[in-house]
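In order of appearance the chains are A, B and C, and numbering begins at 1 in each one.
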């Protein structure tokens, strides 16, 4: 589904953020990407739907080459859902309109159909009664659930999560993770940047560990938690699992 | 465009008998600068006093400052100049009014004072904001050291506040220069006024206005450069001012 | 002295002052603000487009306009617009466009420079995640601007835009230099005709002051309301 091969990215000639990154996510697979901050994991996931440009290598999503200038990026992005660290709901639009905007403007869906779809998804994330509110009136956890629903409204073939819980207060993390776990169990193809190792243990097929722009480890979940091969991954795991 | 360009016009004698048309424009430029500098001194002095008053704990001082700023901000500059020029001499006691009317260079003095007071309200607002942006602890620290209110302002608050508002003050100074052009309405033959009279005498509209435009741009460039140097000169190491 | 202050001259000229003068002033203000906002937003988008040349041209335009006194710009357009009209229509002589059209073009072009700076600040104040989220949903650049970025920038900047419009309202009095009967021009005409400068100019000052004061009070209330919502 997602093929990343030999991707290099520089911010300036002196600073390389991604070094020869190669990996893939198969259909129905859940891949968790972790690593210390500044390791390039968020940058990598943003390259998948071309929010960040990269200089070398190729990324294909469902057979479409992301870095081909001829690719219709809006069309591609409409098929890949993304959830951001800071939710990025549109603060000037009601919850329901946040869910309908892209359905109507990008997919060309009728208003009634969009609303029906939106309400169905809001119900699914448990926020149906908040449809007429504005984003700022919701808690962080609720906003992130809305953001997931907004991405799902586009009927995506895959979902990208960029640290979806790291801006949340601790008591709100589980409500978001629950939605994500359900999604994974339904067979959604997911690429998730997160430090939530509990989530990884529960539903991930593979875990990727990144450090300083490189993919250091790319292993099935059980191998990764059982016996990570690299020092850096071991150190990282001991730091975040020690509490 | 069927317009007869004649760039040589600048070197032909002007009908006032004061040299060439270029001399005419340059005398206008000189008057623009004289008026602007005098107006700016008035604006800085009164504006600083009023700006400080707006930050004092005294209710009376605050309300005076508030009324002052509102008075000068809510009337067009042109109307203010008319008030000073046409109305003030009539409503003063007869002797004083007569003295005002017979004042030589009345347009110059009216323009300087009128533009100066108009701009002083803006300076006051900037300074109030500058003082307001300082940490509260600064004023308390000054008081705790035993400085009087006057000393606190003189040695602690104002030196910092003026540095902070230097960039906006630069644009207010540029506005002062531009605003002197309004005095064309009370017969001040500053740069715009001289360009206009050149146009009326010679019918070379666009040459006259082009020359005036270039002169204004030059003045702008000189002022901006000068203020940059001043900013660098007064900058405090390790402290990022303005912007 | 104010002893022989003649209220009657004001009363008699009220219909002329307001039906003719103030209507001109307010129409000019409203249309210039609208045109300036549209044109200014376009300039701001050019500056932020990422195309170097386009951005530089827009930047030069803004710097140029902001370096010149409005009075000079009014003269420029007053004399230039007929020639531009001739050039556009291919007429054989410069075409006269009338006082209102000439002032309107002047103020739209002039204010666009100022409005563009406000809109630019408004667009830049929006976190980069917002356009990223819109792109991730598949919205095109135009759709992202139209539905996500510009509505927020406009809303955040509304108080500043309105304050600038109050400044514009006061600045329209400068069409006086073209002897156009806007509100001040009308007052001035009566003042000269009847020899009642004191009354007419004081009254004009009072009217400008009252309108600007009420308007800026309204803006301040709006500002505090927006501040609470955020």
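Methods note: contacts are C-beta pairs under 8 Å (C-beta built on N, C-alpha and C of every residue); 3 or more make two chains touch, one makes a residue touch a chain.
The structure displayed is predicted, hence computed values, not measured ones.
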**Asked** Mapping chain-to-chain touches, which pattern fits: line, ring, star, complete or other?
**Response** line
**Asked** Any idea which chain sits dead centre by C-alpha averages?
**Response** C
**Message:** Among all chains, whose Cα centre is located farthest from the one for subunit A?
**Reply:** B
**Prompt:** Can you give the whole-Å distance between the Cα centres of subunit A and subunit C?
**Reply:** 45
**Item:** Computed distance of Cα centres, subunit C from subunit B, in Å
**Value:** 22
**Request:** Go ahead and note the Å separation of the Cα centroids belonging to subunit A and subunit B.
**Result:** 55
**Asked** Which bits of subunit C are touching subunit B when the two form their complex?
**Response** 1-2, 64, 67-72, 75-76, 79-80, 83, 86-87, 93, 170-171, 173-174, 176-177, 184, 197-198, 201-202, 204-205, 208-209, 212-213, 216
**Asked** Okay, in this complex, where on subunit B does subunit C touch?
**Response** 1-3, 70-71, 73-80, 82-83, 86-87, 90-91, 93-94, 174, 178-182, 184-185, 192, 195-196, 199, 205-206, 209, 212-213, 216-217, 220
**Asked** What part of subunit C is in contact with subunit A in the complex they form?
**Response** 127, 129-130, 132-140, 143, 147-148, 151-152, 155, 229-230
**Asked** Which of the residues in subunit A end up touching subunit C in this complex?
**Response** 46, 49, 51, 73-82, 84-86, 88-92, 101-102, 105-107, 136, 147, 150-151, 154, 160
